[in-house]
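Reading through the structure tokens given below for one structure.
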Amino acid sequence: QNEQFIPILSYRTGPYAVNGAPYANGVVDYYNLINERDGGINGVKILTEECETGYATDKGVECYERLKSKGPTGAAFINPLSTGITFALTEKTATDKIPIITMGYGRADSKNGAVFAYNFPLLGTYWSAADLAIQQVAKELGGFDKLKGRKISLLYHDSPYGKEPIPMLQVLAQKYGFEFTPIPVTHPGVEQKSQWLAIRQNRPDYVLVWGWGVMNSTAIKEAAAVAYPRDKMIGVWWSGAEPDVTPAGDQATGYKALMLQHGAGKFPVHADIEKHIYAKGKGSTEPVKIGEVLYNRGMVNAMLGVEAIRKAQEKFGKKPLTGEQVRWGLENLVLTDTRIKELGFEGMLKPVSISCSDHEGARYGRVQQWDGKAWKVISDWSTADESLIEPLVTDVSAKYAAEKKIKPRDCAKET
Amino acid sequence: MRAPNANEILLQVEGVALAFGGVRALRDVSFNVKKGEIRAIIGPNGAGKTSMLNVVNGFYHPNHGAITFKGSTRSKMQPFEAARGGIARTFQNVALFKGMSALDNIMAGRTLKVRRGLLWQALRYGPALAEEVEHRRKVEEIIDFLEIETIRKVPVGRLPYGLQKRVELGRALAMEPDLLLLDEPMAGMNVEEKEDMSRFIVDVNNHYGTTIALIEHDMAVVMDLSDRVAVLDHGVKIADGTPDEVKKSQAVIDAYLGVAH
Amino acid sequence: MIALGQFLEVLIGGLMSGVLYSLVALGFVLIFKASGVFNYAQGAMVLLAGLALVRALDLLVANGLPLWVAVILAIGFAAVIMAATAWLIERFVIGPLVNQDGLTLFMSTIGVTFVIESAAEMIFGSDVYPLRLFPTDAWFLFEGLFPGGILVNKLDVWGALIAGVLVAGLAVFFQRTKTGRALRAVADDHLAAHSVGIPISWIWFVVWLVAGLVALVAATVWGTKLGVQFSITFLALKALPVLIIGGLTSIPGAIVGGLIVGAGEKLAEVYLGPSIGGGIEYWFAYVLALAVLLLRPQGLFGERIIERV
Amino acid sequence: MSIAKVVVAATTEATALILSVNNIEVVYDHVILVLKGVSLEVPRGGIVALLGANGAGKTTTLKAVSNLLHAERGEVTKGSILFNGVEVKSLSPNDVVRRGCIQVMEGRRAFPHLTVEENILTGAFTRTDGKLAIAQDLERVYAYFPRLKERRSSTAGYTSGGEQQMCVIGRALMSRPKMILLDEPSMGLAPQIVEEIFEIVKDLNAKEGVSFLLAEQNTNMALRYASHGYILENGRVVMDGEAHALAANEDVKEFYLGVAGEKRKSYRDVKHYKRRKRWLA
Amino acid sequence: MLYREAGQFKATYAEDMAIFPIRQDRIALAVLLGIAFIGVPLLASFRIWPFSTDYLLWAILLPFLILALAAIGTNILVGYCGQISLGSGAFMAIGAYSAYKLATGIHIPLAWLGFAIAIPPLPVLASILLGGFMAAGAGILFGIPSLRIKGLYLAVATLAAQFFFDWAFLRLPWFTNYAPSGSVNAPELDFFGMVVRTPVERYLLCLTFATVMAVLAKNLVRGNLGRQWMAIRDMDIAAELIGIRPLYAKLTAFAVSSFVIGVAGALWAFVYLGSWEPLAFSIDRSLELLFMVIIGGLGSIMGSFIGAAFILIVPIMLNVIPTKLGLPLSTQAITHLQFIIFGSLICYLLIKEPHGFARLISIGKEKLRLWPFPY
């Protein structure tokens, strides 16, 4: 039984399926690729099982409980694909010693690996995202000093996900002197008329969109209906995929969104996928959808997990590993440009370096804009300002540690 | 034994009028029920008989008039107040609690007599249990009396119509009322069953001294059982008196009986 | 002046979007009125109709048919799908449940909801499919009077027109025809309706079909608004307060309820929301409904609940 | 229903009998056996009375004939019912009505939210002979029951018990049936109206050849108007025969007509406490 | 032949009034309780199949017990008192959040009055029970409309409670102790110094709650109050005319039901989820509870357990079976199929037996009694 078990929590039905399905497809295809092309990770086959959460927290918990101890060594890590589920699982995963990978989402304070030993909000937390978004606004306005007195609204999914950036934005508002207004949208977000009428009356300079599922496209349509300029809207990286803009048609033209490093498009690894998976008829989606934003994100996410296992195998041997061992792999994962190129992800990803004190590993971002047909990258790489984020992380995670009676690890002593 | 006390009036209805939109169900009706008697109310369909009972036990609130029961006068009261005052009734369209067994239906009639509260009942221990058993004993007496032992545990929805009427009577009796209002208790019964029912009514009246007001379309029953009969037609009282008097009244024959009985 | 303009804008926007809810509520009313079934699946039926329509349309257009031909054919196709659904539901779910109480029927429609939603997505796909049958931009009225004008969305106006026509037609059908009378009889007492020879299965098929067609109409409007996608099913929950304010059995009530809910919740959200945290419109609509029911337990235009002994 | 079947069934015997119930068993809820082999026949143009105590199974028998049992979780598990030579089981309830057999259900099942007039008109649902004929029949019903005319626009749910009963009977008459299954028509009606109803029965029977199956507790009346009678006890037919023969039977007299010896005894004087002997069932 | 009450005579009313008057039933129940209280924990602590992993305990038994408890609460209101409620989820939430607030301490500064309400953190057990009482209070409040509003109108009106509390717990930061994400964590489950941590301990805790409350609920529903509720359900006018006060009967039903649901909510949050957000108690939960009581049997305490088991386990089975069979279907298709099957199954059951499993069982028993004769 030379198999490494990896559970896949996904949602292919319900209101969030439009975004959940392409992501899950990317994940599944990448794991298959490793098995088909390489015969597994150093010969250890990847065994997966999907569990439908419907983006609902309680279902997510149920899935986790069901899958955590499957396979010869239990789950290597868990990737709940929802900030809400992440919150619900944070304590459990620490007890069960299973890493929880939340790439580009999850709780921002869990960047602090000293307190959150098992959480890995890789490649960017929502606090990083908030900072990146404000940086973009400043750039468009012509400098941070121009932010003063401006109005910036946050249209957010009323859930842990949408609320996560608020503390950071408040910090930023204080620092730069803009007026910050959070505007909640109730799940699932089909009804936003009053929010947009309010926006029309309040006329903010920018609207940040923290939406998911149908909420994104509805926001764009309602913006068009009240004639709010789409190029003054900046979505988080979960509000910047194809299903978010296509339903709005022409109305979406000009809409911007952050990128979690990569965008849409095909890269060397896609050729492998097409060759080893789709040519054999084992693909999990229609071939035209390969290379969509969320599909790519799923692949990146799966790749990071696989590389972490590979890293851990260096220390623990080429055999199925426990969650605890994989955690070591994650915490010591370093992906250089060369390695990224080897993996076929060149152009999708900047270098990553995870450590005990930094479970985020990288905080690069770019901005893309929808031109009516495709996403166009319109900005250069930038990095979230750690000097602003770090104090908040320290502060909030310390509170968590106190509440949960967790004794933070001394990262200096970790290897 | 039975001794109608001619002087004591249990229920006095005074000038009651009731209208629903354009329909004047009752127009200035007055009558009384004496303690211990069996009082019948008859009249053609839609005359206002059921409405009268509804007024008496508070389900309808009359537009005019007053009701004096056991000496206290009211024009308006809530149904459960009437029940607490000692008025029980059965219904024209059987109004049993369909999902419950016959036993539970009758036990429900004892609600007003239950003393122990929610917490005691939840524990169902000691005094609460003792009380429950005591009520059960009383109810079993009624069940025996009405000869429905075999159907105690049957959900009443499954019972044939006639037995349902009997259970309904049992439920009313469980309240130990002073005044029992019966709305067509013998509709849909054959002679034998009517005999049984008559016997129950007479016995209740005799043994417990319960006063009974009765609506019935079977003239034989009415004439045999009742002490006095009031006749309504189109919401107006057209006759009142002993069965024999009423039987002979031309107004009653025209409006109701058709042929002299 | 600005304040007044803004108020009017919110009010009009609210009234209009309320009417869009009415489109969904109408389907509920139809079925309830005719069979006493509280059809939770109405939202799912809108999804199904919308998916059938948009997928057929895309396919036909892709095959080079002129748009108007494609639209007609696609609507025909969707109508056939709704007819098949109506038949299946009658045959396999509601028919066998004749004479059961309202709660059981209600729950069975939730089961139906699961089936329709999933089957629709399985057959027609689960992406977001844009549909553009109506204009979605806005007019800005009285720009001279109010700065920025008063925004009125064209789609909303279309929706309101369609709803008005539907309501008039259906109201006549129910009150004036023999079938309408039979429908109401069935809702009152299944068994008695059987006993006088009303063919309940046929009646129910017709009603579910009409409700399906109403769902199709709703789907054209809502699909244009949101894109055809799963979340359309959530409309069912938004239509419920509309439904009970108007009265479960009243067709015009659905419109009036929609107007009240739409205006009420939007005004509340815009003027009350910010001070107590925002996002209040979901419950506000229901609290509004509760308040109306306390005054009139059968809704504004619903049939009286008969209590007699 | 295939035509062939109808033709085959239409034997000479079937033409003489409008309804024949052959040894049926009915079970409710899969476990409650209510009818244990009931057979009865209604000749074309006959009036047949179905008598029996509470719970004997009269209503169940009628519902089996009109095929309404299904909706109450009941089932005919054995035997057959032929209406006009056609097996009823294969028909839907509305087919039964369309073929001319309508039931007046016990318990005043008027449609509460419809007005009295609307209620009556629903009875004409299966008819296709035009508005005029229906309007005429409506007037005929009003002529039978003037009280209904007075209350025609009232919501049926709010009318009195007797008014509802008249409404339900009137409703059934509107379908112009060949056969009417009357379940306790006299229940809750004033004596005058009861007479009236039996006169209507006689009238329809004589003038229009309508057949009747009559479940009735008012045995006296029923046997006066019927040509035939069946007595049901505990789900079995315990006795049947010509109406006048039944009326003369001593047991029937005692149990159903309340006549002991020759004199009717007063309800006040009934003394027997426990059930007396019954027919051997 | 095995299932007969022949030869079992009851000499007293008390005996006849026992929960299970038939001996065979009593034996079955004793065995079941034995397994639940002793067998399962034993197997689990020695990790013997099927308890070799925590899965069965954590993912099935724990939610089963808690939801069964909530279903009992729902059944009291819907099944016994006939007041259809689509707001059970909200009352679970009230239980959960009240318990959370009580367990973490409450501080309400009333500046204009010059003092503050301050309650120190309460022990977990007290918090859970008080959470139930808070839910009961809210239940009474939202039950008041039921005096006027009936049937499906009431059902929709109860959604006002559902959506209001969904909103309140989401938007009013006080309830979540100003947690920025709105997601809160349960306190440590400390029962008089005994800390409940492992799945087995959690299981036993919930089992105890479920058993005790089921017995109390059973006592209530077979006592006078239960008869009042059922009377209101079956025919409220007649109930009033025999002296049952609708106000009292309905509000006690709302209170008791909400209490039970509230306690279940607190357990769900504290013992099962550990960390939660309002969406855990959404309308879907309310509908799920309603399904449980209807499939299980309206007006049956035992039915609540069966219904909970069914609604909980069937989707899991449906999820597991295709993977076991290795069906060559896309995951998307499988998920959709599961919903289709689940929906159809519900319809099928409702058609087969609209009164739920409880009725099915009683018919089964009846048949057993008559066996070998069909009727």
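Letters are used for the chains, namely A, B, C, D and E, taken in the order the chains are written, and counting of residues starts over at 1 for each.
In the analysis below, a residue touches a chain if its C-beta (ideal position, glycine included) is under 8 Å from a C-beta of that chain, and two chains touch if they have at least 3 such contacts.
All values derive from a computational prediction rather than experimental measurement.
Chemist: Taking a step as a move to a touching chain, how many steps at least join chain D to chain E?
Modeler: The distance in steps between these two chains is 1.
Chemist: So which chain is the furthest away from chain E, centre to centre on CA atoms?
Modeler: Comparing chain centres, D lies farthest from chain E.
Chemist: Measuring between Cα centroids, which chain is at the maximum distance from chain B?
Modeler: A
Chemist: Look at the interfaces B-E and C-E and say which one is made up of more C-beta pairs in contact.
Modeler: Output for the comparison: C-E.
Chemist: State, to the nearest whole Å, the distance from the C-alpha centre of chain A to the C-alpha centre of chain D.
Modeler: Whole-Å distance between the two chain centres: 73.
Chemist: Using Cα averages as centroids, what's the distance between chain B and chain C in whole Å?
Modeler: So the centre of chain B lies 48 Å away from the centre of chain C.
Chemist: Please compute the C-alpha centroid of chain B, do the same for chain D, then give the distance between them in whole Å.
Modeler: So the centroids are 29 Å from each other.
Chemist: CA centre of chain A versus CA centre of chain C: separation in Å?
Modeler: Result: the chain centres lie 37 Å from each other.
Chemist: Counting only residues that touch at least 2 other chains, which ones in chain E make the list?
Modeler: 167, 170-171, 237-238, 241, 332, 335-336, 338-339
Chemist: Of all residues in chain B, which are in touch with two or more distinct other chains?
Modeler: 50, 59, 91-93, 95
Chemist: Chain C: which residues touch two or more other chains?
Modeler: If we look for residues of chain C contacting two or more partner chains, we find 117-118, 121, 126, 277-279, 282, 308-309.
Chemist: Any two chains that touch count here, so list every such pair.
Modeler: A-C, A-E, B-C, B-D, B-E, C-D, C-E, D-E
Chemist: Within their complex, state which residues of chain C touch chain D.
Modeler: Of all residues in chain C, those touching chain D are 98-99, 178, 181-182, 184-185, 187-201, 303-304, 306, 308.
Chemist: Within the complex, which stretch of chain E touches chain B?
Modeler: Residue list for chain E touching chain B: 12-14, 17, 216-217, 219-220, 222-225, 227-228, 230-231, 233-235, 237-245, 252, 256, 299.
Chemist: Tell me, which parts of chain D touch chain C in their complex?
Modeler: These residues of chain D touch chain C: 66, 68, 70-72, 92-94, 96-98, 102-105, 109-114, 118-119, 121-123, 125-126, 155, 157-158, 171-172, 175.
Chemist: Using the touch definition from the top, list the residues of chain C that touch chain B in their complex.
Modeler: 309
Chemist: What part of chain E is in contact with chain A in the complex they form?
Modeler: Checking each residue of chain E against chain A gives 53-55, 58-59, 63, 167, 170-171, 180-183, 185, 272-277, 279-280, 282, 284-285, 316, 319, 323, 330-332, 335-336, 338-339.
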